[in-house]
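What follows is chain A paired twice: with chain B in the first complex and chain C in the second.
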Partner chain A sequence: MRRAGLAAGVAVAIAALGAPLLLGRGTLNDLWNLALAVVLASSWNILGGFAGQVSLGYSVFLGIGAYTTVLLSLRGVDPFATLVPGALLAAAFSVVIGLPGFRLRGPYFTIATIGVGEAIRVAASSVSFTGGSSGVRMPAGSFEFGRNYLGMVILAIATVAIAALVRRSAFGHTLAAIRQDVDGAEALGVDATRFKLAAHALSAGLVALAGGLYAINFQYIAPGAVFDFRLSLSIVLMPIVGGIGTVVGPLLGALVVSTIQLKLLELPALRDSYLFIYGGLLIAVILFEPKGLVGLARRIVAALRTPGATPRAADAR
Partner chain B sequence: MPGEALLSVRGLRKRFGGLLAVAGVDFDVARGEVFGIIGPNGAGKTTLFGCLVGALRSTAGEVRFLGERIDGLPCHRIVRRGLVRTHQIVRPFREMTVADNVAIGAHFGRGAHRAARAARAVRDVLERTGLAHRADTLAGALTIGELKRLEIARSLATEPAALCLDEVMGGLNPGEIAGAMALIRAIQASGVTVLMIEHHVHAVAAVSDRIMVLNFGRKIAEGSPSAVLADPAVVEAYLGSETPIEAA
Partner chain C sequence: MARFLTVAVNSLLAAGLYAEMAYGLAVIYGVMRIINLAHAGVMMLGAYLTLTLFSGLGLDPFLAFLIVGPVFLALGMGLYHAVVRRLPHGGSTPTMGSLLLLFGVWLVLQNFAYLMWSGDTQSILTGYTMKSVPVLGVRVGIPSLLVFLASGASLLFLNLLLKTTYLGKAIRAVTQNRDAAMLAGIDAEAISALAFGLGCAFAGVAGGMLATLYAFTPDFGRSFLLKSFCIIVLGGMESVTGVAAGALVLAIVENSLAVYTAIPISFQDAITFAILFLALVVLPEGLTGLFARAPRLRGAQ
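== the complex of A and B ==
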């Protein structure tokens, strides 16, 4: 089973890396968007899924990555060389948020992250080095889709691989213990805050790398776009729809949510109501299958393997 | 009876709003002994354990362990110094296997074992607590008796100098209680000092070297099991005038 999953993953990775040889620009653009969604969903899942710390402030890290890339590029640094500094800055900022934030538990932590996200968006709109609310543009000649496509695909592959390794490692087991019972973990000697900070920093850094590539691809960023609360919301939605705390779940969720987003954006009537659809999706998952598509698939497989369980398979639908 | 004080508590108080749950308690626990703590419900026994291991911050008083002040330290630091407790209401990591539950203790306890040594430590502890055959079972699937033993196993995996057991016999049948008593004696024999809160008076009297009785957050008696259980103040306050002693 695990070997089959690994083989499928490698096949998808090779196909995605080789796609530019075969596919047109439009399709590659969709794939780039999908890879971005995979990075965001899988990174968020390291803190939100593995460690159970649900943050609604992840646009902050995308924004830090994007702004680091634009501002350094404007000072003559090669855009791709700005990715790592952006990731380090986001990781450092995640510690600044986490030190007070992780003193809070459960929904209180989540609410605090909304506050931080909004505060950053408002602050970024009112200072001059971000270009204020009108934003900043990348220097001319910095756009390079081919390199950017490969960068985002490699980042997506690396993020999923990192998530898979974390889940199986002692680090991942410790995060799982913290998720299931933080007091119980501390009673056994776990410094829970330190582990939450590490998971937060790792996922923030990965999201910021994607943010840098985002800036290079769109060439123009503004606080209202990269620090958008709706972006934070859709980052959370993907792993929840796919299956929170699993490795495959965020991939499936990214596929579903980014497809919905792309298709809905084509329909002018639905363009402004996609949040409504997200809300409906979220409620459906929480009501009917809290473990998302992965949970649904497991239920179906279990039902098919158990003879005489047809009525329950029907229920599962 | 063994010698020097491993744990020394002076004037320990814990206030919750208007309630003084622990109202100035002094006691010493010698290295290698089994120290029983009994008292009616609400006497402050579990709160006392919480203050010792740093899960609760005491309002006043001093806790010395291995000669050093530990009051005010966070829980995970105290575990690393070798003082750990089990929980009265078991709190396993239900979605993890029994072995992985124990591994957390082996990684983060005083031993701080990595990889192969941790795996060996886990196997050893599972063997001692009679859970070896359940190593790969999800903790959520265990019986209450097994869950109580898992609490002990995880705590033992931290390689404590002193282990605080909070009602590990609660909810167990007589056969399981006999097993738990044997386990406590084996833990003592392996060199670990044991503090135990217990409602089963016969059991606690049988395994303890000394017993302390708490009532309304105060110590009302301390000494050998037979002396303490014969103390009129204890009979009055703890055992009451009706059925003197619970069936074990």
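== the complex of A and C ==
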């Protein structure tokens, strides 16, 4: 089963890397968006899914990455060389938030992250080095879509690989212990805050890398776009829809959510209200299948294996 | 001195407004240990209903609560029976599921409003919107004054309801210990539904009052939601009087910073959210917890 999953993953990765040879620019653009969604969903899942710390402030890290790239590029640094400083900055900032923030448990941590995200968005719109609310533009002549596409696809593959490795490592098992029973884990000698901080920093760094590539591809960023609350929301929604805490779940979620968004944005009537669908999805998943598409698939497989026995909803909880 | 009076009067008025927004959140949290993220959406719908009543029937926005209150009581109870009831009751702390579920409800409400009324900015302009009266030498807008009075009346109403009626006592019993309340014969399920309805009714009325002061869109309410959280955290999460105290603290901090420091007004929200973060981390039991802790610390020395 695991070997089959690995083989499928490698096949998808090779197909994605080779896609520019066969597909047109429009399709590649959609694939770039999908790769971005995969990076965001899978990195969020390292903290939110594996460690169970649900943060609604992840656009902050995307914004830090994007702004580092644009501001350094404007000072003459090669755009791709700015990615690592952006990731380090975001990781450092995640520690600054996490040190006080991880004293809070469950929903209180979530509320605090909404506060941080909004505070950063408002502050970024009011100071001058971010270009205020009108934003900043990359220096001219730094755009090359082929390179941008490969950059995002490679990052997506790396992120999923890192998530898979984390899940199987001692680090990942410790995060799972923290998610299931933080007091129990601490009683066994686990320094829960340190592990949460490490997971937060890792996922923040990956999101910031995506933020840098986002800036390189769109050439223009503004606080209203990169620090958008709706962005933080989509980042959370994808793993939840797909199956929180699994490696495949965020991939499925990214595929479903970005497809929905792409199709809906084509309908002018729904351009303002695509979040309607997100809200409905969120309600449906929480009420009917808290483990997302992965949980649903497992239930179907289990039902097929034991003919005659119908799965009861209560078993899934 | 004149500057101090300005800060004092403006803080009081802002505190009235903030408390009005936060009562509903505190009632729901107290009874169900649910953080109602849909609060912002309910406030926004309250604003639109008040606008509809005002432009359609000519009903004064400050009398609209007579209709908005019952409508949102029913809406809240309906919402409780449709979705909230299905959540497992999670002990003494809110569950992640309840947070995300109500977040989904908020998104649905918000985008329902986009479909109904589009994203255009709306506002309620009455004959007295631009009029003001002097209070202690400070010019005060009439709508702000009315909101303050309404907030005082709400505080009185909620305290009377919770302290003197059977319903209120039952709500407080469920707040303190759900299982013991059920053993004493209280229908905790019905009380929860009523409390959720009451919380939504207050949110809807607060939304209507906010609409007399601010222009609004379907996205209305997010920053007010975070302010409300800040207030109920400062107020110790449960008591309505605590909410009023928390609102006063937040309003004084905001107004003092705006007048006595060089921090630009556009930073105000950022500071509020920073206070929310700090309050959650430093004061998990709210201001009342701080006061309760102080004698203990002195005793320890």
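Just so we're on the same page, the second predicted complex is superposed on the first by the 309 of 317 C-alpha atoms of A that agree within 3 Å, B and C clash if a C-alpha of one lies under 4 Å from a C-alpha of the other, contacts with A are read in each partner's own complex, and residues count from 1 in each chain.
Heads up, the rule we're going with is that a contact is a pair of C-beta atoms (placed from the backbone, for glycine too) under 8 Å apart; a residue touches a chain by one contact, two chains touch by 3 or more.
Every value quoted in this text rests on a predicted model; they were computed, and no experiment measured them.
Visitor: Given the touch rule stated above, what does A:282 touch, chain B (first), chain C (second), both, or neither?
Guide: The second partner, chain C, only.
Visitor: Can A:173 be said to touch chain B (first), chain C (second), both, or neither?
Guide: Only chain B; A:173 stays clear of chain C.
Visitor: Pick one for A:125: touches chain B only (first), chain C only (second), both, or neither.
Guide: A:125 sits against chain C, while chain B stays out of touch.
Visitor: Can A:158 be said to touch chain B (first), chain C (second), both, or neither?
Guide: Neither partner.
Visitor: Taking the superposition as given, does A:110 touch the first partner, chain B, the second, chain C, both, or neither?
Guide: After superposing on A, A:110 lies in contact with chain C but is clear of chain B.
Visitor: Where does A:240 make contact in the superposed view: on chain B (first), on chain C (second), on both, or on neither?
Guide: second
Visitor: Just to be sure I read the superposition right, which of the two partners does A:190 touch: chain B = first, chain C = second, or both, or neither?
Guide: Touch partner of A:190: chain B, not chain C.
Visitor: I want to verify the contact counts: of chain B and chain C, which reaches more residues of chain A?
Guide: C
Visitor: Considering only the contact definition stated at the top, list the common interface residues of chain A for chain B and chain C.
Guide: none
Visitor: How about chain A: which of its residues touch chain C in the complex?
Guide: Per the touch definition, chain A meets chain C at residues 52, 54, 100-101, 103-108, 110-112, 114-116, 118-120, 122-123, 125-126, 229, 233, 236, 240, 272-276, 278-283, 286-287, 290, 317.
Visitor: Using the touch definition up top, name the residues of chain B that touch chain A in the complex.
Guide: 53, 55, 74-76, 79-80, 84-85, 87, 91-96, 100-101, 103-105, 107-110, 114-115, 154-155, 157-158
Visitor: List the residues on chain C that touch chain A in their complex, please.
Guide: Within the complex, chain C touches chain A at residues 35, 83, 86-88, 93-101, 103-112, 114-115, 118-119, 218, 222-223, 226, 229-230, 264, 266-267, 269-271, 273-274, 276-278, 280-281, 284.
Visitor: Considering the complex alone, what residue numbers of chain A touch chain B?
Guide: Counting only chain A, the residues touching chain B are 170, 173-174, 176-177, 180-181, 183-192.
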